[in-house]
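In the two complexes that follow, subunit A is the common piece, with subunit B as its partner first and subunit C second.
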Partner chain A sequence: MRNEIKQALIARLTALADDEVILSHRNSEWTGHAPILEEDIALANIAQDELGHASVWYSLRKELDGSDPDGLVFFRDADEFRNCELVELPRGDWAFTMLRQFLFDLNETLWLQQARDSSYQPLADAANKILREERFHLQHTQAWVERLGLGTEESNRRMQNALDFMWGYTQQLFVPIPGEDLLVAEGIVPDLGGLKTRWLEYSIQHLQNSGLKLPINPGYQPASRTHHTEHLWSILAEMQSTARWDAAARVW
Partner chain B sequence: MPAKYGLPSDPDYSLRLAEFEARIGRGEKIEPGDWMPEEYRRQLIRMISQHAHSEVVGMLPEGAWINRAPTLKRKMILIAKVQDEAGHGQYLYHAAETLGVSREAMLEALLSGKAKYSSIFNYPTLTWADIGTIGWLVDGAAIKNQTMLAAGSYGPYSRAMVRICAEEAFHHKQGKEMVLFYARGSEKQRQMAQDAINRWWWPALMMMGPHDADSPNSEVLTRWGIKTKSNDTVRQEFINEHAPEILDAGLQVPDPDLHQDDKGNWVHGPINWDEFWQVVGGNGPMNKERLEARRKAHDEGAWVRSALETYAAKLQKATVAV
Partner chain C sequence: MDTQWPRWEVFKQDTPAKPHQAVGSVHAADPQHALLTARNIFARRPQAISMWVVRAEDIFSWTKEELAENPPPEAAKQTEPLAYGFQPLTFCVFRKTSHKRSMTFVDYVGEVSASSPEDALKQAQQQFGDVEALAWWIVPTDRLAKSDPGSETVESWFAPATDKTYKQQQYYATIGSHVSKHKLGRETDDEE
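What follows is the complex of A and B.
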């Protein structure tokens, strides 16, 4: 593999993995605090799967550059993370969490469906494996969007607020990272342009069927994964607190 | 078939009680819908719902550490473990529902402070090593108790225990592995492990409840096969397994009187029952915070539950209209 392609693939895998780790962190904050016990179970399951997906992407990166997944998660600083800003946003209320999860899962599902045909076999294999779990997440969160959108006036208002807040942030999922064009040209990853068209079509239809309206002004749309919200520092301060607590501890 | 819950004032009570006790004596399981004394039902609801609440409240002290777990693997294990606890809460609420009580009524009793849950969760989790120690000692104590309950006379509870014990065995194993690993780790890791053992040892011994002589419910619970071993017997099984393992790991047990007697049993020093009753009575370090966290989650989830009901009703109406 040419070095510039390898570097671009490392960057893409890092972006995928970092998205999952940070979103899993936000979802884990609900554990023990969900509105019904069944959702403590379901969301913990989703958070667990996301962590599993992150491990898959980090291990593919490891095959390319020998990096240690735990080292990446627990010993990188905020400015080295490459997740999108959407996943850093505080968990908000149940409407916010479920809508973010739906929009994220939809993107992930569509991306994985195409990535099964990747010319880079380890990526194609991983996509196949992850897609099976992702279908359940999408089914679950899609149902929640509908129930809350069409439930009570309050649940509809909360969903609409969540949508107005996050719509601009979701668009970052389709911003190519530097070198992405090389990966697309090699057939390694899906083209985000085509993906965005399908994502918009599917998500807008489901949102409308759920009684929700797209915001007229989508608001801030983050463009680069080197930029973060003011929340990432605190997320990492918590996430890395034990791992960094004892400089003499070699393993945990 | 509706359950019949017998009262001592019923004309056929003595006859039926004799049949009921004979069934238990033969090792048969009592199933939902079978005749049972009202007192048997009341005791079971009390125990099963307390047990369910313990699982649900028990998610809090451990759940708080998911986001501070030091490796991806440990984080994954901890999420899975806390998820199992929610699942145990769910089966146990269902087991109690077979006795004609609703989950809503049980939750109401928890949130109003009327129902109890295991006092062990009213202690704080101060360091990461507490997560290993809870798995090893607290789940270890729970397994001893639950293995005893799995042999109990009420079918749904006994079957729930069999399933729960199988999962608890994994929790216990990972906790033990973690503490033993830190006992061989860096100086600070070792100290962290010892500090956690020091804080959790005595509360773990208290989990089996008062000494047999001071356990008011035990006699009837034993006769009806709800409990199949006494508190002190279960406590002894726990100490006999765990004390030597802690010592073998090069850690200390925080009991200067601990020794082995001539039968090979590990004998503990005096338990601070005053502390136990204080925590049971609501004055443990975390009682207020735990209950407040549950109430907050319940209140903040009210609009979600109401939306679910409204949506389901609309769906039903639409189906009828079609």
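What follows is the complex of A and C.
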């Protein structure tokens, strides 16, 4: 593998893993606080699955550059993370959390479906494995978007507010990272342009079927994964505190 | 105002050779929601291939003691208009036969065609009386919501669990150090 391709792949795997680990941690904040016990357990399951996916992507990166997944997660500072801003945003209310998870899961599902044909076999294998769980996540969050969108006046209002706020942020999922074109040319990762078309088609249909309106003004659209909101600093402070408290600890 | 969602009983089938077994209940707003939460709660780790849910209020149940005290009237003698009309309906029959294990299940044993839940019970007692039943659950078949039997659903709902490992509780006994060390630490802190 040419070095420039390897570097681009490392960057893509880092972006995938960072998205999963930050969103997983955000969702874990609901543990013990979700609207009903059943959903508390369900969201904790989703969070744990996403953490597992992050671990898969970090492991693929490790095969390429020998980096230690725990080191990356717990000892990088915020400006070294390459997650999109969408996943950093505070958990908000249940509508915000479910809508973000739906739009994220839809992107992930579509990406994985195509990544199964990756010319880089370890990535194709990982996509195959992760896709199974992601399909279930998507069903669950899709059901929530529909039920809150079509539920009561209040649930619709909350869902619409969430959509208005995050729609611009979701578009960052389709911004290529530096070197992405090389990976696409090699058949290693899906082309984000084609992916965005399918994502828009599917998401807009489901949002409209759920009684929601696309915002006329899409709002702020982050462009670079080197930029973050202030929320990343606070979530990392919490997430990394135990590991940094005793960096030499072997057993937690 | 009661804001609780209805309760649904969950039946899980572990392998094709095993019956659907009552494993517990969930609260949910509708059948599909009940199946989704049931999958998360009852099929994340252990093996499963199919799940059914039914609203608890749609289950007609009789325990052995209840039947001994108050036998159901003969179906033929019933004069009350039947809840489900006079057309024969299909009912799913579930039976509990043991108190032995800590988790004793109410197992699915089969279907009967009957004019009422009481009639269905009679038929169940005749057809499935090979083992003494400690409890019967009779459920109108059309009230059961079932997970999609398609391979894609089975793959995404149930297959991932079979590859997953989990740690037993005692694994975590290795966390931390002896309590005496913590006490020592705290005392030191207090002195500062």
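The working rule: the second predicted complex is superposed on the first by the 246 of 252 C-alpha atoms of A that agree within 3 Å, B and C clash if a C-alpha of one lies under 4 Å from a C-alpha of the other, contacts with A are read in each partner's own complex, and residues count from 1 in each chain.
By definition in this document, a residue touches a chain if its C-beta (ideal position, glycine included) is under 8 Å from a C-beta of that chain, and two chains touch if they have at least 3 such contacts.
Computed from a prediction, not measured in an experiment: that's the story for all the values here.
Look at A:E38: by the touch rule set out above, it reaches both subunit B and subunit C. Of the two partner chains placed by the overlay, only subunit C lies in contact with A:F136; subunit B stays clear of it. In the superposed pair of complexes, A:R147 makes contact with subunit B and with subunit C alike.
Once the two complexes are overlaid on the shared chain, A:A47 sits against subunit B while remaining clear of subunit C. In the superposition on chain A, A:Y202 makes contact with neither subunit B nor subunit C. Of the two partner chains, subunit B is the only one touched by A:W245; subunit C is not. Ranked by how many residues of subunit A each touches, subunit B and subunit C are led by B. Residue overlap on subunit A between its contacts with subunit B in one complex and with subunit C in the other: 36-38, 41, 45, 147, 251-252. Only residues 56, 59-60, 63-64, 66-72, 74-76, 79-80, 82-83, 86-87, 89-90, 93, 128, 181, 185-189, 293, 296-297, 300-308, 310-311, 314 of subunit B touch subunit A when the two sit together in their complex. Subunit A meets subunit C in the complex at residues 36-39, 41-42, 45, 132-136, 139-140, 143, 147, 251-252. Contacts from subunit C toward subunit A in the complex involve residues 5, 26-30, 32-33, 36-37, 39-41, 44, 152, 155-157, 159-160, 174-175.
By the touch criterion given at the top, residues 25, 28-29, 31-38, 40-41, 44-45, 47-48, 51-52, 54-55, 58, 69-70, 73-74, 93-94, 146-148, 150-152, 154-155, 158, 238-239, 241-243, 245-246, 248-252 of subunit A touch subunit B in their complex.
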